[in-house]
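Handing you this structure, nothing more for now.
Every chain is named by a letter (A, B, C and D) in the order it is written, and numbering of its residues begins at 1.
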Amino acid sequence: MAVLETDVAGVRLRNPFLLASGIWGESGESLAGAWRAGAGGVITKSIGSAPRAGYPNPTIELLDGGAMLNAMGLPNPGIDEYPAEIEIARRAGATVIGSVFGGTAEEFATLAGRIADTGVVAVELNLSCPHARGFGAEVGSTPEGVETILRAVVGAVRIPAIAKITPNAADPAALAAAAERGGAAAVSAINTVRALAIEPRLRRPVLAHGLGGLSGPAIKPIGLACVWQIFERVRIPIVGVGGIETADDAVDYLLAGARAVQIGTAVAGRGIGLFGRLPADLDRRLEALGFPSVRAAVGAAHPPADGAPRPAL
Amino acid sequence: MAVLETDVAGVRLRNPFLLASGIWGESGESLAGAWRAGAGGVITKSIGSAPRAGYPNPTIELLDGGAMLNAMGLPNPGIDEYPAEIEIARRAGATVIGSVFGGTAEEFATLAGRIADTGVVAVELNLSCPHARGFGAEVGSTPEGVETILRAVVGAVRIPAIAKITPNAADPAALAAAAERGGAAAVSAINTVRALAIEPRLRRPVLAHGLGGLSGPAIKPIGLACVWQIFERVRIPIVGVGGIETADDAVDYLLAGARAVQIGTAVAGRGIGLFGRLPADLDRRLEALGFPSVRAAVGAAHPPADGAPRPAL
Amino acid sequence: MRTVVPVVETVVETPSTVTLRFDYPPEAAPGQFVMVWLPGDDELPMSLSYLEGPRKGVTIKAMGGSTRAVLGIAAGAPIGVRGPYGNRFDLAPRRILVVGGGSGTAVLAPAAEAAARGGASVAVALGATRASELLFRDRLRAAGLRVEVATDDGSEGTPGFVTGLVERWLSTEPFDAVWTCGPEVMMAKVAALARARGVPTFCSVERHMKCALGLCDACALGPYHVCTDGPVFPAERLLATPDFGRFHRDAAGRRRPL
Amino acid sequence: MRTVVPVVETVVETPSTVTLRFDYPPEAAPGQFVMVWLPGDDELPMSLSYLEGPRKGVTIKAMGGSTRAVLGIAAGAPIGVRGPYGNRFDLAPRRILVVGGGSGTAVLAPAAEAAARGGASVAVALGATRASELLFRDRLRAAGLRVEVATDDGSEGTPGFVTGLVERWLSTEPFDAVWTCGPEVMMAKVAALARARGVPTFCSVERHMKCALGLCDACALGPYHVCTDGPVFPAERLLATPDFGRFHRDAAGRRRPL
């Protein structure tokens, strides 16, 4: 039996599979459901200062090959009402990480403080939503912006801050390094990749917002590259996310440098029961590959520091 | 019969399907073969100042869903020997666009001049290869870099310059705008998307170089987003590239704003005969959608400038 | 993964309700819904009111902006369709009481017809504010079903809520199941009446929907997602949630009184 | 899309040639090749020298750095395999002359065996620098084929090039086809001899390979891509190119004399 327990930003996780932000994340009952299904932890929908309805439908499009395109537009109940949902999830015993998004460093700090008050174990900062005007990647695409936001948040809360990095950047690892300088306890990568689908018969984009974010299997190689580059650049733990559907996918992320992973889109195709199956699958895979634990696999695909030959097969 | 003839950067193309750089592009016979198969034009492998063997194998990996990962490392015969290959393609009657890559604006200008001397109709500047140290996206990821290179090239050659834009940037459209300011006659988008594949049993990346570039169907929505954003930002023509396998894919790019398209990875799965089939397929699709010509479809998915309702179905 | 099709026919069912017919071949079962994209406007969940064969139909009641716009749609207009999604009515019961309120009858009509075709004895209680708003009364009668109606203003059938009709029917005849769709307060009332007689009730419920794929959480109802776990639920499950008949979630995900 | 498997057995065939056996179930035909990844080193095209059933084999001659490293590979070492790629020898001819030079016999051996199993009469002319470098002589004899050898140094069989052997055979016996793999100058010579007798020749040729998918152009040979159009070509097609027997392309794509 491989040890599946891991930790990120000082938070112990019973297994490395976290529910990604934006999936089953608006209601406390759903967060609790993902936890009961077996998730190692659950991340809330990204919460803002005020309630937001998000963009009009269509907000989501399934593409070929299991890829998904979405521009939800950060719908959320707002920080005033949302703590009641977190409370439901926490009462179910869930390890809850609160996700927030803001337009300025101050707004991030305020939101982080408010969500910290609910008893979440960590706060994830959405610096990376590719389709919300004035938020997400718009404020998280420069190292300076990221560092400033992290400093403000870290100064405001005592729980660890996790910076969620965008892949839509020339050098995502530089953004992670900036987050580390700003005091982030961990980074997660990646958010969705900027993308578009067209409906030629209607001569318009499919999504009401036009541009959206790509998720699902198609982006796994992109997420892996980001995690790989970030691992070579920072010392804080990395949470891998993007296209993970199976334990094999998770292993790839661990080997690239992630200490835990998040599952988003796969919940649509495989159901929430996926969280119940993944830990056992991962156990088997790690054993077969000769890793005694999740932690032993982290970063194992990088060249050994001492130049030693790689154990294999 | 829809009019398939189009033009990019003042170059007339018998149909909008160009052979993308790096595919069938090292030998003149292959370029000629793509032309004979029916391509509207052929783009050479990116040529540098000196011969390069590229990275060791594995340089390519097929992923699920028809996606491909490569890090060839810009192998090429070098600008001294390559003109003989172009000559073979030109003698076969092909419309040849020469692609070059350099590490500095001066090198780009010199290479562009040398390749212009071979009689190519235009030069495409590879500002976007995601995995070559010191080249490609490393010099093409900032607007300043792109503008400087374009100015140098445009000052050095009389044939039109096409800037090939990277998707690995916070704002690819800003790079296109910089190219336009620098005097580019057109832009092409996109090059491959930075990505990675891991072989867990060997505890290492699959490609010898580690990081590579993703191509094929998986990146089509990413390419469409870039073309869409670039169309809203520049007035010069756009050549769409990324994941195009069918006439339907090409139509999406046209509607997003491209005047011509390039085909790369699809040649592996569907054979060079694809270039013979695509024009007829496109003709049928354009007719069915009510477009009299390729040109009429360009940008048609963008909101009409006059606020007129969109014709549909 | 969505199909754009022209509306081939529009049928004005009531002053506020219109049916759009279109060709969409995927097989669908009674109870299921599709996401209907009105280009440039919105994409909305709509039950299939016609689901046999390729010519499907949805029957839309003008509520807010988007559904009101539907009243103006002409044949030939393109719409986007994806689905069908969701679960179905179990057609096994032999004696079924169908209780429709307002546009809820849209989902019940094809289910009632299918059950009757399968040999079940089906009684339909229809409710509406007034006679002109009674949906599918003639369609269901033409299918050979027993149909009784109630109108709030007494302009046809029993005056008052449809629940009166249901109470009477339940007390005079044996049923194996009640199927209902309409305002949740009505459905809760119907379920309570049926439970008192030991008859299981199945409700088709509505929640705000975005993805219809069980992902975005917009349609959360207690521990369920209406888009994938529903829309048809046994009433006991719904009554065990704190929300049924009391709260829904708005587009922002806020819990709001119904 | 590549499989990592352990080498289950290594067989030293000649002082400079070693066979690696491994389990790789995909079906393969005589003439086809796989891309063999030696982790941390290189990935190289290698003909399948054993292709019946799941236990495949490749037989590698030490040329440069990577193939030399193969001599040191022990059972249990992991290799990556993808393929099989390329076309195959047409097994229809009834009287076949097989002409192998050096490691070229690797691809010819399973083809010759398959043809013989199919009832063809197969004669094999093997050439090598010296007796110890003769590849698969015993294997082919054990399969019941007629095998004659030529060595440059005369240490076994006819002294001199294998082409002498071929000339003699062609002038004394009727053949429907010649199959050959080895140095291109040798193959060109063999093809010329066979043409003089009206016998069609099929050559398995090598070019630098990277993708093996018909994409990167590394293996361009005239209008052909060896990875997808070949590696087996009718000799006339090859002789019609300016390159066969004269030029190849190096890893940079430069045309260089062979």
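The rule we apply is simple: a contact is a pair of C-beta atoms (placed from the backbone, for glycine too) under 8 Å apart; a residue touches a chain by one contact, two chains touch by 3 or more.
Please read these numbers as outputs of a predicted model, since none were measured by experiment.
Chains that touch both chain B and chain C are the following: A. Relative to chain B, the most remote chain by averaged C-alpha coordinates is C. If you average the Cα atoms of chain A and of chain B, the two centres end up 32 Å apart. With centres taken as mean Cα positions, chain D sits 70 Å from chain C. Each chain gets one centre point, the mean of its Cα atoms, and the points for chain A and chain D are 51 Å apart. Distance from the chain A centre to the chain C centre is 37 Å, each centre being the mean of its Cα atoms. Shown for chain D are the residues in touch with two or more other chains, namely 4, 39-40, 78.
In chain A, 63-64, 199, 201-202, 204, 310, 312-313 are the positions where the chain touches two or more neighbouring chains simultaneously. In the complex of the two chains, the chain B residues touching chain D come out as 22-27, 29-30, 32-33, 45, 51-54, 56-63, 70, 72, 75-78, 81, 84, 199, 201-202, 204, 206, 208, 264-265, 267-268, 271-272. Residues 63-67, 69, 137, 141-142, 166, 168-171, 193-205, 210-211, 214, 217-219, 221-222, 224-225, 228-229, 248, 251-252, 255-256, 285, 289, 300-301, 303, 310-313 of chain A are the ones touching chain B in the complex. Those residues of chain C that touch chain A in the complex are listed here as 1-2, 4, 35, 37, 39-44, 78, 80, 82, 210-211, 213-218, 220, 222-223, 225, 249-255.
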